[in-house]
Amino acid sequence: MGRGRLSRILAVAANTFRETVRERVLYNLVFFALLMTLSGLLLAQLSIRQDEKIIKDLGLAAMDLFGSMIALFIGVSLVSKEIERRSLHPLLAKPLGRDEFFLGKFFGLAFTLFVNTSAMAAGLFLTLLATGRSANLGLVGAIYTIFLSLLLVVALAMLLSSVTSPALSAIGTLGLVIVGRFSDVIRNMREVVPGAPDWLVKILYYAIPNFRNFDFKEQAAYGDPIPLSALGQVTLYAAFYVGLALAAGLASFRSRDFE
Amino acid sequence: MEAPPVLKAVGLSKSYKVGHIRRRLRPALQGLDLEVRRGEIFGYLGPNGSGKTTTLKLLMGLLRADAGEVQVLGRPWLDPAWRYQVGYLPENPYLYDYLTPREYLDYVGRLFGLSSRERAERGRALLERLGLSHVAAVPLRRFSKGMLQRVGLAQALVNDPELLILDEPMSGLDPVGRRLVRDLILEQKAAGKTVLFSTHILPDAEALCDRVAVLRGGRLLDAGPLSQILKLDVSHMELLAAGLDAARLEDPAIRVRQALGERWRLEVEERSLGAVVRAVEAAGGRILAVQPIRQSLEDYFFKELGGGSAGPWGGAD
Amino acid sequence: MKWRDGLLVLGLGAAMVAAQVWLDQSRGSLTAGDPSLYLWTGTQVKRMVPGFEGLFADIYWLRTVQYFGGQRAFAQNQRFELLYPLIDITITLDPRLEIAYRYGATFLAEPRPVGAGEAEKGIAILERGVAALPDNWRLRQDLGFLTYLFLHDAERAARILDEAADTPGAPYWLRTLAADLLVKGGERQAARRMWRQMYEQAEEGIIKENARRQLRQLDALEGADALTALVAELTRRTGRKPASLADLEASGLARGALVDPSGTPYEYDSTTGKVRVSQRSVLWRP
C-alpha cells in the first residue's frame, strides 16, 4: 500500500507540474526575470568597474523578486482555484487520500519552482559569461537559499489557501513574505516601540517566517565563501518551517467540507 | 438469502453553519436511512435544496457527516478499498481545462493504480463509447457543457465500477446526450452493475428506475419501487381518443374530459369502459390508447410536496 | 464613427497637455528649494529594501556617477548638491562598496571645475570607508592622498600613509611616500608619486584625465625649475643674467625647444632670473 501512496502522490505532482507549465503567466514572469538579468549588461556600461557585481546583484534580485511572485501566484491559485472551481471533487472520490492530494500538489509546485529557478540561474550564468566572468560557488549557494525561500512561500500560500479565499490568501501570503523580510526590525522592535513587552516581541519574531535567513546575496556579490554549516542551518530552518506550514495546511484540508 | 446491499446508510445527518458572527446551524440532512441493492437502478429524487447533492457528497467524503454510519459494498466507510469499485460524477463537474480528455482519463487511471497499457485501453474505449474520440486531444476548456458532462461520465467509468453514483447526470444535455446517458445506465444494469443517480427530471426517473427515494427538506419522505410510491387508481381507466368532439359525448361514466390539441383525454369508470369505447367509435372517433390511471411522478411531487393539480400529458424538464 | 472618436481623443489630449503646462507654471516656484531635501537618508532607503540592499547600492552608485557626469557636462551652474547625499546613501546601503568610497571622495574633493570642491566631505567619506573596511589599504592610501593634495596637511597625510603601509597587502612605496612628505623639498616628489598612483589606479575617465594633467603640470614646473637652474649656471659662467631664453639656447646649455609639455614656450623674467610656465599654457596654475 505504501507504493500505491507514493505513485498517487507522484501522479498528483506530475499533473500539477503539467498545469503550471501550461500556465502562461509563469512564462511572462520568467521572461521578465531574464530581462532584468540581461539589463545588467547595459547598466554595467553606465557605471565604473562594476559589471560583475551589477550583473550578480541584478540577477539574484530578479530571482528573488520574480521567484517569490511566481511562488505566490502558483501557491495561491493552484490550491484555491481547485477548491473554488471544485475540480478536486471528482478526484477526492477516487482512492486518493486528501493528504496525498495536498502533498502531491506541494511537490508538483516545488518541482516547478526548481525548474524556474534553474532557468533563471542559467540566464544569470550566461549573462556573466557574456562579460567574460564565470559563476562562483558563493553564487550557487545564494541561488540555493533563494530556492529554499521560494519553497517556504509556496508552503505558506498553500496553508492560507486551504483556509481562506484566493484573494485573502494572496494578500496574507504577500504580507507574511514582506513582513518576514523585516525580521530584524521586529527583533529590535523595542528600539522603536520601547513599551513593547519582551514576550510579545519574541513570539512575533519566532512566529513570523524569517526571510532574512535566506539572503546570501552580499556574499555572492563579493565572492565570500559561504560555509556549508550556514547552508545546513538554513536548510534545517526551511525544512522545519515548510513542514510546519504543510502540516497545518493539511490539518485544515483534511477536516474541511468541500461544498 | 438476499445479497448484502451495495450501499447502506443509517442515520446520516449533516448541518451547515450559517452566518459569520452568530453561527446558527442549518440542517441539510436529518437522519437519512438509505439502502441500494445490487443490480438495481436507484433514483434519488427531491426538489432543489432538499439535500440530494449533500447526501451524495457525504457518501463520497467531500463533506464530513455529523452523524450516521455508511457501508459501501459491504465495507466500512473508512476503508479505502471500496473506492476502487465506485464511480462518481458530481453535478456540473469542473475538470481541468488545460488537459485534454485523454490526459484527464489517464490521470484518473493513475490514481486507480492502473498500468499505462490499461489506462490507454480504457481511455480509448470510453472515449469511443461516449462519442468523444474526435476531440480526444482537444483541451477541455473548449468543450461545451454537454461534452464536459460526457467526459465526466467517462472519468466515472475508468475503473469499471460496481456502483455508479451520478449527481444530476442529465443536466444540461441535449436530447442526444440524454439518450446516451440513459442507454449507458441501462447498459450498466445489463452488465450487473448498480446505479444510483439523483435527478429532478421525472420522466427519466420513471423510465429508468427500479426503486426511488424521495427527499424533502433533508428528510426521507418515502422509498421503494415506483409502483408502490405512485398510487394506482384502479377504479378508472385513461382513454386517449382523436377525431371527434368529445365534449358532445354524453356519458355519466366519463369523469374527466380534457382537450389536448386535437386529441381528447378521458377518464372513465373501469366497468363502463366498453360502452365509452363504442360511443367514441360511433361518433366517428378513433381510440388511440387505453391504460390504467397511474399517478405520474409529477403529480406525486405536486401533491406531496405542494403545488396545483396534475399537469398536462407530457413530461416537464 | 471613427473620426469622432479620434477627435475626442485629440481634444482631450490637448486639454490634458494644457493642464500640465498650467500645473508646471504654478508649481515651478515650489521646486526652487534644496533638492537634497527630497532625497531619503541612507538609513531610510536601507529600511525599505530588505534583501535588496546590494542592488540598490549599485543603483544609487550608478545614479551618483550619472549625476556627477551630468552636472559637469550640462549644468548651467554646477551645483553638485546631491553628490554627497547620493554617496552617503550608497555606502549606507552597502558599506563594502569600495569604489563608492574611492571615487565618491575624489568627486567631492577635487576642486572645481573637475569636482565639487568639497574636500572635507570627501575626507569624511573616506574616513567612513576606513572604519568599515579597516584592512583595505587602498582606502587609507586615498585618504592620505586627499589629505595632502587637497587639505595640504602633510603631517596628517604622512601619518595616514604610514598606517596604510601597515595594512596587509600594502605596497612598499607607501612608506617611502610617507617619509617624503615629512622631508622639506621632498613634497613635490611625493605629490608626483601620488598623482602617478592615482593615474594608474583609475579607470578611463575624469579622474584619470585629471591625474594625467596634474602630472604634466608637475612636469611643466620641473621643466621650469630645471631651466631656472640652467639660467643660474649661465649667470655664474657669464657673470650676468641672460636677457632672454634665446640666450640660453645659444649658450648650448639647454637643448631642444624651450617649451613646456603642452608645447607652450616658457616665460623668462630677466630681473629675477626665474623661468616659469606661461600663463597662456594649459598647464599653468596659480
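Observations on the structure shown:
We call the chains A, B and C, going by the order they appear; numbering starts again at 1 in every chain.
Note that contacts are C-beta pairs under 8 Å (C-beta built on N, C-alpha and C of every residue); 3 or more make two chains touch, one makes a residue touch a chain.
All values derive from a computational prediction rather than experimental measurement.
Because contacts link the chains only in sequence, without closing, their graph is best described as a line. Two chains share more touching C-beta pairs than any other pair, namely A-B.
Note on chain placement: the centre of subunit A and the centre of subunit B lie 48 Å apart, centres being C-alpha means.
The mean-CA centres of subunit B and subunit C are about 91 angstrom from one another, to the nearest whole unit.
Subunit A contributes residues 43, 46-50, 53-54, 57-58, 60-61, 64-65, 181-182, 184-185, 211-212, 215, 217-218, 221-222 to its touches with subunit C in the complex. Across the complex, subunit A meets subunit B through its residues 4, 7-8, 11, 15, 18-19, 22-23, 85-87, 89-97, 255-259.
For subunit B in complex with subunit A, the touching residues are 57, 60-64, 80-81, 83-84, 86, 88-90, 93-96, 98-99, 103, 107-108, 110-113, 152, 155-156. Listed in rising order, the residues of subunit C touching subunit A in the complex are 47, 50-55, 58, 61-62, 65-66, 94, 96, 99, 103, 203, 205.
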